[in-house]
Structure formats: C-alpha cells, structure tokens
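Right, one structure below, let's go through it.
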C-alpha cells in the first residue's frame, strides 16, 4: 500500500490543532484522540517499512518544489519515533494527571512528534530547518511544563543553546544556498560533486556539525542536556532522550554529512573523536550522580557516543577506501544501537517517572527497598539496566557486540577496549541504581508506596518486552527488511542524489 | 490593566477601523502587491493591541476572550491544513496541489475562474487569521500576567 | 565586503550570548544573530540595479502570455526572500516563548542575572 | 552602494551599544534601531515584502521585549564580569571572524544572485529561482513572486512556519499559566 508521505506529518499536526478546542471537560476525549494519533502513526510506520520513494509536494518537480524522501534510514527513524511516542503517550495518560493543562500538553507532544517526522522525511535543507524548529520549540515548552524553579531554569538554558544551534544551522543553510544555488539536498549534492568541496562549503559543514551537534548533545556541546532531560515530565524525558536528540541530531548530521557533502577522512576523524569523548566523559560524569533522572541523562550522552562512534567508524573506513563490509558492519552497529537506545532509555525514564510518582522524590539517597512495593517497576527497570549495560541476551548487548567486532575487524583495537570499559562503568552505575532504589532498607516515609497501575504499567511492560525481543532484529529476514536498507543509505553516500533524481523522474 | 484618557479612547476608536481596513487590504492583495498574510495579520493584531492599551485589558477581554482567540488560531490552522489536504482529494494525489489554478490552466473547472491565483489568496486569509489571533493572544497573555513574587522571593 | 559586515554582526550576537550574564541580554544576542542571518540571506539574492520580484502590469507581454525579458534579467532572487519571511516569523515565535520563560523565571527568582539563578549544578 | 554601508555601519553600532550598555531599556531600544534600519536595508535591497513584515514584527517584538524589562525596577545590570573569560571569547570569536573572511570570498560577488552562477552548470536543471522569476507568474497566477513562492511552490514550509507560531503561543500560554501542578490528593482522586 502506498501512503502519501505528508500523512506522517499531517496526522499529528491536525490532531494537535484540534487539541486546544477541548477544555477541561473534554480531557478524556482529547487523550483518546492523541493516543489514536500516535498509534495510527505506529501502524503507518510499520506499513511503510521496506518502501522507498520520493514525494513531490504540490506536484512541483524538484528543484522547484519541496520533496519528501522515504528511504531505509527514514523508515528506521520513523519506526523508532512512533514506537517511543506511542509508549510515552500511553504512559502520560495517567502520569500527566498530576499537572494542569493536559490538553495543551498533548498538543505540544503531538507537535513535537510532527516536527520529528518532518525532519526525518524532508529532502530539502530549509524545510529540515523549519521542522527542526517546530520540534525544538515544542520541546523547550515541554521541558518547562512544570513551571517550577529547576524546570524554568533548565528550559531557559536549553532554549538559549538550542537557538544558537538553530542559528548555526540557518547560517549554514545560507552559505549552502550561496554556494550551490539550490536548497534541494539531491541537486545540491550533485552540484557539490561537480564543483568540488570549496572552503565555503567546508565552513558550512563545520557549522552543520556544530548546530546538529548542539541538538544531539555531543560532548563539547552537551551542557544543556543534564539539566533539560531530568527537569521535563517523565514521558517527555523519555521522548527527548529516546528520540529527539537522535532525529534532530544524529539523523540530520548523518544525512547531511554522508549524503550531501560526502565523508572525508578528516570529517570521519572528527566524528570518531566526538563519539569517544561523549562516551567517556558522559559515563564518568554519570557515575557520581545522586539524582536518578540526572544519572540517566548523563548516560544518554555516553550512549549517543556509541552511536556516533559507530557511524564515524564506518565513515572512516569508507573514506580510507577500506573494506566496505567492515564499514557497513560499523554503521549497522551504530544504527542498531540508536534504535536500542531509543527503547531502553525511554523505558528507564518511564520507570524513573513511575518511581517519582509513587514516592515523590528522585534522589537516590532518599529511596531504597522498593523491590517489594513496586515489583513491576523493579522488573522493567532491571531489564532496561541490563540492556544499557550490555548484558546478554538483551538488545544493548548485541549492538555493542557488533560495534566491538567492527572495531576489531577494522584494526582499531583501542576503540574496542574503550567500548568495553565504558560498558563496564555503565554496568557499575546501574548496579548503584538497583542498590539504592530497589534494594536496601525501606525508609520510614515510603511505607505507604503503591505500585502504579493502568496505562503506565502497560507502557513499561511493552517497552520491556521490546528490550528482550529486539535482538531478533539481527535475524536475517528482519535484518534485511529493517536495518540493512538504513545502512545501505549511509554506505552508498553520494549515490543518494542520483537515486533521488531517478526516483523523482519516474 | 487600566485604560487611558477620553481623548485617547476617542481617537483610537476612530483609528482602529482604519488600521483594520489597512490590514485587510494588505492580506487580500498579497498575491498582486507586496504584503500578505503575515504582515497583514500582524497589522490586524496591532489594531487590537491599540484597543487594549486605550481601553484596558478588561474591555478587550469582554469582546474577545483569550479562549476564543485560541480557538480562532486553531480554526486558522485547520483551515490552512484543509487547503493543503484538499489537493489530495481534488488533484492527482498531491499535498498542497494548487487545485484551482492548475485546473484552470488545464482548461477544467471554469467555474473557478474568479480567483486566478488559486489557493494563494485563500491561504493568505487563513494565515492572516492565524497570525492576528496568535500575536494578539501572546501580547494579551504577557500584559495580563501578574507577578506573584510574594511567596517565591529569592530563597 | 557587505557579507563581511553581516558576519561581524553574527559574531557580535554570538559574543553576547556567550559572555553576558543577564537573561534579557542573552535574548538580545540571539535576536542580533537572527538579524544577521536574515540580512545575509537577502543580500545573497540582491542584483545590482535590480527590481523587486513583483511583476507589474507593464512587464507582462500579453500577446505571448510571458513575462518580459527586462523583468527576467533584472529581478532580484525571490527564493531567499521567501526563506527570510519564514525565518522572521520563526524568530518572532521563539522570541515570544523565550520571553515568557524569562518573565516566569523573574517571578520565581526576582532577578534576571543568571549567576544568581543557579539551582542546577553543572 | 554607499547606502548599504551606511546602514550596515549604523546597524553594527546599534548592535554594539545594545550588547554593551548596562541599561536594559536602552538595550531594547537599540534592538529596535537595528530592526528598523534592517527594514530600511531590506527596502533598498528590493525586498518590499520583507521590509513590511520586518517593520510590523519589530513593533510587536519590541512590545514583548519592553514588557519583559519595564515592569521591574531592576533595569540596570549590576554584577561584574569575568575579565579573563571576556578576553578569551573575544579572541576566539575574532579568529572565527577572520576565518570567515576567506569563506565569504567563495560566495558570488555582492550584486550577483547565487542562482546566476548555478545556472552555468549545464549538468543540472535550471535553478529554482530562475524558474520562479521566468515562469512563476504563469504557473501560479500570482504577480507577487514572493507570495507565489511561500504559498505555492514552498507552501509546505509555510505550513511549518505557521505551526511554529502556533507552537510558540501554546508554549507561552503553558509557561504563563497560573497553577502548574495539582495536589497529590486531587491526582489520586
């Protein structure tokens, strides 16, 4: 079945436009509609797996109009976004009862989803910027949703750094237009291949790396993340850490670098070093944290390092003309880890929200002995912790294993050792979480704690099942349907423009 | 927020119509002359802002309440989205297909001759509505927001 | 040379965001960066001695139903103007949001100075 | 040409004052000066649509900014700056600025639109901007080509842009709402 691609953006947008019309009384209807929207997006994403096509908006042939592109990488990201957003939306049905203005929350949530889908599908660099702004503005407002001191402060910090990132991207778009005379990524890529990469485009590329790096919170640009992610309500933290930094940061970066500018050894070196820096710095900052969600946020930085490392390693092998099979394996590891991280990190944030809602605190030192009180939360949290630390047979193990194998095959033994060490430190810090939250003595004031039921539980259990089952994605059938096309988009690199132009002319 | 003196009130009630007409002109002629939905919408909003400054927040609140304004924004957005989606139904499966002009150019749908820029003026009106209501709502929210510093002073 | 002055404006805005300690000043820095990028984009489309991209009646060749060559060879680039129109509205939207965050923060802390607003560590 | 340099210098001076002055209200007024001279600049760059939009947006932006600063007694900035940090960032930014000079030389000269150079490449189809100028009016029916671009050729961007405005007003009303959390008893009830 061939779905018109703008539907992925139109469904959440139209639902979001309807949301403010429901006041206090229509809250139940609004919640139902929002859940329907996210679930239908999930269905659409599943249906569109394996398809690849170009959609010209308004029937204007490119480069006159804007085109949307669905290929392997886009459908992988669409799938991740819709899975996490459906779970987070279902979770918020009950969780967000503690805040006011629920219909506006749902509206912002859907706008954020629409923005991410727009970024992932766009084939036009300015259009990508516009949808990036939608998703970012919605996330700034959602981070400050609680309107308390920490939330407002984190939101301000996030918004300032995010706006600077957006300005970098816009300036880069201007330079890009000045040098190539077009905004369409396929034709711009062709123009760059014809004329060669001059210093103006190299500067634009540096600005893109800085701008998208700010959105992805890679280490020199990570200052906002440890404040913003813990301050948001738990389902929003799950969305931000789970998919927002990937769709706006890693996806956009990979698309622009691999498919438009083409990777060179120096750029790949920058990516690998950013990845290693993020991995190591993130994990060592995480170990010392005593705030549950803050600890998780630092781990997000570290795990994003794995993703960038995998992609960068693949780029390095490609740029040096090495074996293409090794390069695809490294990129496969990176992308697989991206999807895995989306699932287990959002699950971890949801469990932290469940703990916070039951106990009213997220300071590790004030918690303890909740294993009997919150059995389901404990079980799901354990599964997610095992995943993030890379314990077999959960999904995190497989992607880390692939990364290590790829690093060893390509002859980067140091990288493999660093990957394993960071994974061990991750394990230690999650043992600490288990020890302080679920084991040990139950503090006197938490005797009345009750397990959360209903939608929160369902969302957590579904994600936990996914954590266990996602290793199956490596089975040949699923792998060639979901992961391989995404890897192929990146390893093909500059053939992107020829492919798009050919598909558009059909 | 309080209103101003009688002189300001009288003058602004005269001027508001002129500003309003000017804004409408800018919106409706956006396809043939400079201007368009954004500029015109902001001008329309400034007519309301003028009224708000002259007569005070309560007066405006009675005539155009914030919840109604928010609903107007939603209506404008839905209208714009409807224009976009209409291309899917009237045309050959294309979001934002300019279904009036393109049919006219192809020699069909001659009853739609009267607007030869197709969806452009319609979209200008929708955007004018969105921008006017949105800007007014923002400024109204900012001006009526009351600081409640008493219980949150620096701790 | 005009490009260079524009880039200088961008750098001034960036300096303001990085160095200043007052919330409103930081917002001003972001605004200055936005102005710089908008000007830069419009400059990219300028043609010396050009005319605005609005087709007047006398520039249409009615017989051939075509725009006169005089217009085609003189009009400035309309595409960057469309981009800047979008960018201006986006910057207005983000200005409204960031100022609302500033106002609410002021209500909580009674100051705009970010050195006094440090509840979060790191 | 001279008018561009005069306006740009005026904008730069206003920007430096806006950044360096200690009075917040003056800073906001300087931002207004930047905006209005920017609008004049757009007019001389033959962009009347942008000039109009810039001027009206500037007025309302100033109202919003003044609202943030004027209501409080604290319009003066106190507090000392870290001298060392300022020097370091000035040096780094100046280096970026100098590096940018070589970058800007790769652009077509001021006065030549970017699409003219791109049109030389026979390998590619005609650049979008050239098509807009030559055939935009016949293809869409709008004489104002900027309107034709934003509402027909690139209408999808405009949908995104209107959505940004929508997002920001929902965000602003959410941030400025009176009560943000319910009590625990209400939640569980």
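By letter and in written order, the chains are A, B, C and D; residue numbering begins at 1 in each of them.
In this section, a residue touches a chain if its C-beta (ideal position, glycine included) is under 8 Å from a C-beta of that chain, and two chains touch if they have at least 3 such contacts.
Owing to the predicted nature of the structure, the values given are computational and were not obtained by experimental measurement.
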item: Neighbouring chains shared between chain A and chain D, ordered by label; value: B, C
item: Taking each chain's C-alpha mean as its centre, the one farthest from chain A; value: B
item: Dominant chain pairing [most C-beta pairs in contact]; value: C-D
item: Gap in Å, rounded to a whole number, between the CA centres of chain D and chain B; value: 21
item: Intercentroid distance (Cα basis), chain C paired with chain A, Å; value: 29
item: Averaged-CA centre spacing for the pair chain B and chain A, given as whole angstrom; value: 35
item: In chain C, residues with contacts to at least two other chains; value: 13-14, 44, 52, 54, 79-80, 83, 85-86, 88-90, 92-94, 96-97, 99-104, 106, 108-109, 111
item: For chain D, residues that touch 2 or more chains besides their own; value: 48-49, 53, 57, 60, 64, 67-68, 100, 104, 107, 114-115, 128-129, 132, 138, 143-144, 146, 148, 150, 152, 154-169, 171-173, 175-176
item: Chain A, residues touching no fewer than two other chains; value: 6, 13, 17, 20, 57-58, 126, 130, 133, 137, 140-141, 144, 147-148, 152, 155, 177-178, 183
item: Topology of the chain contact graph, where touching chains are joined (line, ring, star, complete, other); value: complete
item: Chain B residues touching chain D - in the complex, by the definition given at the top; value: 26, 30-39, 42-43, 45-46, 49, 66, 70, 73, 76-77, 80-81, 84, 95-96, 98, 101, 104-105, 116-120, 123-124, 127, 130-131, 134-135, 137-139, 141-143, 145, 147
item: Residues of chain D that touch chain C when the two form their complex; value: 4-5, 8-9, 11-12, 15-16, 18-19, 24, 27-28, 31, 34-35, 38, 41-42, 45-50, 53-54, 57, 60-61, 64-65, 67-69, 72, 74, 77-79, 81, 85-86, 89-90, 93-94, 96-97, 100-101, 104, 107, 110-115, 128-129, 132-138, 143-146, 148-150, 154, 157-158, 160-162, 164-165, 167-169, 171-172, 175-176
item: In the complex, chain B residues that touch chain C; value: 32-34, 38, 131, 135, 138, 141-142, 145, 147-149, 152-154
item: Complex contact set, residues of chain B against chain A; value: 67, 70-71, 73-74, 77-78, 81, 84-85, 87-88, 91-98, 102
item: Footprint of chain B on chain C - complex, ascending; value: 52, 54, 85, 88-89, 92, 96, 99-100, 103, 106-111, 116
